[in-house]
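Following are the structures in question.
Next come two complexes built around subunit A: one with subunit B, the other with subunit C.
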Partner chain A sequence: MAVPTLRCGFSGSRWTFALVDRGCRHRTVATFNWIRGQSSVAQQPLHTAQKPRKGAQEWAAVVGLEIHAQISSNSKLFSGAEVRFAAPPNSLVSFFDASLPGTLPVLNRRCVEAAVMTGLALNCHINQKSLFDRKHYFYADLPAGYQITQQRLPIAVNGNLAYSICVGKQQREITKTVRVKQIQLEQDSGKSLHDDLRSQTLVDLNRAGVGLLEVVLEPDLSCGEEAATVVRELQLILQALGTSQANMAEGQLRVDANVSVHHPGEPLGVRTEVKNLNSIRFLAKAIDYEIQRQISELENGGEILNETRSFDYKLGCTVPMRDKEGKQDYRFMPEPNLPPLLLYDSTSLPAGADPQQVIDIDRIRETLPELPSETRARLVQQYGMLPEHSFTLLNEVGLLEFFQNVIKETRAEPKKVVSWVLNTFLGYLKQQNLAVSESPVPPSALAELLDLLHTRAISSAAAKQVFEELWKSPGKPPAQIVSEKQLGLLQDREALEELCRATLDGHPQVVRDVKGGNPRAINKLIGLVRKATQGRAEPALIKQILEKQLSSPAP
Partner chain B sequence: MSVHASPTLFMAMAAKEAAGAHPDGVTLSASLGLTGGALRVPGRGDMWARAVRLGLRAPLGGFRAFTAKADAQGSGRVTAEVIEHLERLALVDFGSQEAVARLEKAIAFADRLRQVDTDGVEPMESVLEDRCLYLRSDNVVEGNCAEELLQNSHRVVEEYFVAPPGNIPLPKLDEQESFPHN
Partner chain C sequence: MLGRTLREVSVALKRGQVTPTELCQKCLALIQKTKFLNAYITVSEEAALKQAEASEKRYKKGQSLGDLDGIPVAVKDNFSTTGIETTCASNMLKGYVPPYNATVVQKLLDQGALLMGKTNLDEFAMGSGSTDGVFGPVKNPWSYSKQYREKRKQKPRDENDSDWLITGGSSGGSAAAVSAFTCFAALGSDTGGSTRNPAAHCGLIGFKPSYGLVSRHGLIPLVNSMDVPGILTRCVDDTAIVLGVLAGHDPKDSTTVQGPVNSFLLPSLTDVSKLCIGIPKEYLVPELSPEVRSLWSKAADLFDSEGAKVKEVSLPHTCYSIVCYHVLCTSEVASNMARFDGLEYGHRCDIDISTEAMYATTRREGFNDVVRGRILSGNFFLLKENYEDYFIKAQKVRRLIANDFVNVFNSGVDVLLTPTTLREAVPYLEFIQEDNRTRSAQDDIFTQAVNMAGLPAVNIPVALSRQGLPIGLQFIGPAFCDQQLLTVAKWFEQQVQFPVIQLEELMDDCSSVLANEKLASVSLKQQ
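Entry: the complex of A and B
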């Protein structure tokens, strides 16, 4: 029997979470003045408001985020079909996912555990009873005509997420917090490919029914940079927990931003929703653009429509989505096929319960892995590095592991290792746009190089040369490079002293300058000696010898 | 052409109460002829005991403002705006005055529940509240039946289901001949 096709389906409205209604927020908002110009947006001079009763007015922007993270599990949220990124169309679809009549949802235990873990990591209160609801809207990639979500009573509420940003001219790092309103479990929809040429949509249901964690953040953010930092931190947390791979490029992490502007002290303005944000960089750009657009619009006497806008990354601006005209009414109703989800803790765990059928929140809390914030604190404490170094180490994929491998194999000081990894190594990677996994230099090679440096077998200038050579010819051990290029430090002090003496003799004028009271002239001498030794002597040692020779009376 | 989908009915009841708060009215062309077959009737766990709270939003600037043509609660009449709203959201077709009258009767029938005194009584969330929610282990046991599933589709292109393009705006109320609702 053919599934009836819907003609003239009204909307592709993907209005997210309609209950976050602006009109209900009557609390005072902690506002931040819009002082910081973002480098990604063309600077527009802020005009004074043209209202007669007020003078120059600051604008405050309010940004709320709704983040959907695909749960990393083997099978889908309510069916036993596989979860995989690339597969032949409609091959990972069960009868339930295709919403054939007679099929029922069966909840996946792993997804519930993932939700509880994420809730605990974000300091949320886990609701021991949560409920499932249906959210109705029509779209070709939602075969059932509704999405099973948790609107009335989600699994986790009232958490917070701490993040660090730099403020002010001195780039001070401060820690801020954004409140997590709730975390809920919901189904993903399928994928639509729009074929405008033939006026049709091709639907692939492989993704339909995959478990999603929707993390709703309170509108505590005020600019694109804060939003980008928060999303990055959440990404790191989800990856550390293993609940989601949170790769935005593969669609495992999707972010929608709600942006509005207002004058501090006045009620919140009309908000717009920005969608189609494919990377963290675009997220920041889109939010900043939207804030500026709203400010300009309001200052020119226009008004902001409560609409959904899409970010056009080629033009760098937001455009209204034609698809989403009009408001949606999701007709929420309780999911009649699913009883309430009950979670237990160590005090309420029923005796003799089947461990496969109950979820113990305390047990999950005990098995939480180290969160990024804890890792950073440990790095600072263990290796004495600066907090911003720990941020960089964690932000780059694979860099922390690389660093830890180098530390394991070298006897050099941690501070030296940090400096080499974050400055030299990372610098080379960035220059050639490589990921850590693509680096031609393995951790062992860098460790060996640092050992040579540590034992003073080579100078730091020579070390840099060796590193460059290592980069160009992978596989060659550092020691071999040192001997090939004769970069080893001159171990013979006498020979060095002779060289210094020869240089002094050869440049009597400079010697007179130094003795005449120009201390900086000695640098010229050091340079000459260095050239003579072909960089095989430490400048500090040269200076020491020269000073000694200069101060002693000439024979 | 009867209306027998519960979510729509709930919405009709709540919409009647929230008088006047409607977004712009777009409605289906009567020629669509969609029957209730397009709607999924939920399981028999009918939630008559509670009015479901629906997020009907107040109209904001930029949309056509509606005057208060909607009647206050208790008049028993379902207004044209509500019908349009329902038709658009649920893709049902109230093709005749008789259908609207039946809807109004159904609402009146359900309204009698309000006479029950529920002070101090906790609302029931689910008829299954005493049941245990079964948790399935995370194993792959289904899938790989693309051929079978695609047989259900009228049109198929290379293993994709074919659907009409999205965002075809529905014709507006004044652009089409609508039957007189009142």
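Entry: the complex of A and C
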């Protein structure tokens, strides 16, 4: 939906471009990792041109988002047809979805509940009465010639979404808020596949009529990364609620960005709408590119057209979309086949109402699961981890669950677990570009390994070796690896003393160095002993024995 | 047997005086005989005979499904029917065979009714004459009645067939089908009067139920917020039987009302002294023919003389109604017709240089001028710059019109009594002197306000005009008081004793059919 009121409604804090730029730059070392490969965004040299020249005015960017989230439900918004990704073309199409004459929409209760849940999670006001409208345009993948949406009176309005970004050298976490203008229920369209070779368009209606939540954000954002962070947070919320799988690659979450630039204190500039943003990384890139493009355009005396642009991810730039020539008049009209959607709360619920026939907002509120921000706060409080660690745990799909399963099964300190999960485990995953679900090491194996470490059965160094072995030969119990590879901690002090003695004997020069006044040289000896033990002895103990042997006269 | 009412023939079926197959064959023969009326677009002979056979088996086993089992019915060709072409009398849907039954059709079939065929109409039900469909105009059976012919002193139709009358519309095919005894009941649709208008012209009961009482699922829409399936029969009791089958919540139509539906069996009123009949003064318009006016006032006198309270009431916004109807109707038409783009079903042109060119040509070839004109006006009213001035305003006026009725009914009025049409049916050649829009505006004058208010209304034939043509009056009731409305209508029907159409000439031609009548009392004049 176009948001013609974006500008009028704007009254929130504005972040001048220069300020944000500093923020973004500092974030080149951010440890957010909100999505795999995401850090590359921050490493892009952003907005180099808007650093104000002397005497030149600063530019401020204003970014608003319209996010379409496909509702996770078994059937479509107004028909009983199944919803499934990647089914054979036109295999999930009801008569209504194909707009056969005489068919009528029947609202899917699950989709309404999903909208209410999402509205509540985004602190929205839930409208107890909302309406459906028809939005008309001719397109091959829109069989009825109109889309049923909620233009006049949407199901939820006036919410907000808090998100955190880290700024400064200390990675200080600051929390910002973006206002949610409205959430509306609407139908998805089908898909057109253009066969240029035969100049044909093939239409797949599997997606036609799938329920969407359109979340319209007020233009409170000012750069690509802020937008990306907001979308990621929304994605996590939707996933926590189970209202959308919100997988961008599968098109379950689609983002359009409205971008404009202006000089602070002056009226807002003409905005463009950037579409075709199918990953969070491209979203950030496209917005930053578009901001940059608009600034250069204006600084070179050009003007910005109110147009729709598409992000070309290969070229890394936005280009005008050709198929939207001329202004569309959508000729909105109330949908006459759907009565007003009425919701109730505990005060308005009619006495004796059949729970199957009514939706009680308060009951849905009670069933809301823990939201990502609450989860993070709990992790910090419960396990004493750093806030940024809590972000990483949530941002990686499946990592939190993995972490919690390890914690459940191990006696090791939570901090130790955090460190192992975020450094070692995540490091391996990233190196091989795997998702948590694809990990060869299950939580139970890591838990067992951490137990061995905790009981000092193995050294830290040996633990690393065991982990590597676990990764290579999935399914082998850590204890077995320890015994097979003889990685158990060397407990026999006499044997260790023997080894130390032999090392001293074998390296008289180093011994001379130590005795000659270079105490640091002892580290070399420690290293040699550890090597001889294959890392199975504790360095502290080795040091203690060596010092004792060095200080006693040679036999 | 064919001249009987549905209720009577249902009794005959139960008593074994006639079998469903016999009945079906007789109707099929008569349909064949009256083909020149152009009442049917499709005659589903084979399916009907199969249904009759199945019905016959049920009767033999004593497992009749009810009053409609074995009864021949017809359905307007804008109701979807599985496996039977559904055209809306438009090139756009020629050859379109729906894969599903409209809920009302399914309900009829589930009760064992025999579907004889799909009846003619104005293209997409846009019209008031049944003259504007691609299959040609429907002829009013009364054109060939003894009553009319005698008055006109004209020769039999074969020699001079140029002065035949229109049926009214848009459900003219259904009206002609019932009027010519080719079936016992027919479904029409009523958006602005499309069931009541042809009923008035064809001397039938034409009933428009309360909006939300009967499912629209499968009815190809004209105006979703006003459309209702209509019922055409030869007597009020028959309408009540059919309504009893059709009424009720349909999970496939969210605008149908929840909750149980009471039986629509009608008590025989003996005392109307507790009734209050409202006569809306705004319905007395200069264009109203003196004959209709006089019958209207006689009807009021009848109620008065039987002890009912008859009072003049005011529906002050009536004069804005037809304009308001025009804006809302065309706007929804523009929207509803958007789906006919040649992609998924129906007509597709040969142009394929671009999708847009294909849309444009398909729609130009598929729709007639009336439909295209309404689409154009509707889109104009829905433009952003016009929406407030036209659509929103019309919606507000619609609310005022609906409130007019509410106020009147709240003031103690039980039913309103009005004319249904300005005058009796006119000859086709006269009718087409005016364009469709002008005709619709004139002909819907007494009927469309009811659709905007969602109320039940029924046409009851009252008497023959001096020309020997039927004139009907309309009763309007409060929303969801359909049974009460029909009860009053039934009492009135019994008082007026409207004459049965005398189609001896036609029937004589069918003598071979009628010769098989098992009952001695066969008569088309059963007063």
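Operating definition for what follows: the second predicted complex is superposed on the first by the 451 of 555 C-alpha atoms of A that agree within 3 Å, B and C clash if a C-alpha of one lies under 4 Å from a C-alpha of the other, contacts with A are read in each partner's own complex, and residues count from 1 in each chain.
The definition used in the following text is that a contact is a pair of C-beta atoms (placed from the backbone, for glycine too) under 8 Å apart; a residue touches a chain by one contact, two chains touch by 3 or more.
Since the model is a prediction, treat every value here as computed from it, not as a measurement.
Of the two partner chains, neither subunit B nor subunit C is touched by A:Arg281. In the superposition on chain A, A:His507 makes contact with neither subunit B nor subunit C.
By the touch criterion stated above, A:Gly145 is placed in contact with subunit B and with subunit C alike. Look at A:His454: by the touch rule set out above, it reaches neither subunit B nor subunit C. Of the two partner chains placed by superposition, A:Lys485 touches none, neither subunit B nor subunit C. When subunit A is checked against subunit B and against subunit C, the one touching more of its residues turns out to be B. When the two complexes are overlaid on their common chain A, residue A:Phe95 makes contact with subunit B and with subunit C alike.
In the superposition on chain A, contact is made by A:Leu305 with subunit B only, not with subunit C. When the two complexes are overlaid on their common chain A, residue A:Thr103 makes contact with subunit C while staying clear of subunit B. Applying the stated touch rule to the two superposed structures, the overlap between the subunit B and subunit C interfaces on subunit A comprises residues 95, 98-100, 106-107, 134, 136, 138, 140, 144-146, 201, 203, 329, 331-333, 336-339, 357.
Contacts from subunit A toward subunit B in the complex involve residues 1-12, 18-19, 21, 23, 73-75, 79-82, 88-96, 98-100, 106-112, 131, 134, 136, 138-140, 144-146, 152, 192-196, 199-205, 270, 303, 305-306, 322-323, 325-327, 329-334, 336-342, 356-357, 359. For subunit B in complex with subunit A, the touching residues are 6-8, 10-11, 23-24, 26, 28-29, 32, 34, 37-40, 42-45, 47, 52-58, 60-62, 85, 88-91, 125-146, 149-150, 152-155, 157-170. Residues 95, 98-107, 134, 136, 138, 140, 143-146, 201, 203, 329, 331-333, 336-339, 357 of subunit A are the ones that touch subunit C when the two sit in their complex. Of all the residues in subunit C, the ones that touch subunit A in their complex are 79-80, 86, 88, 93, 96, 98-100, 102, 216-221, 223-225, 251-255, 258, 331-332, 334-335, 337-341, 343-345, 355-356, 359, 379, 382-384, 387, 391.
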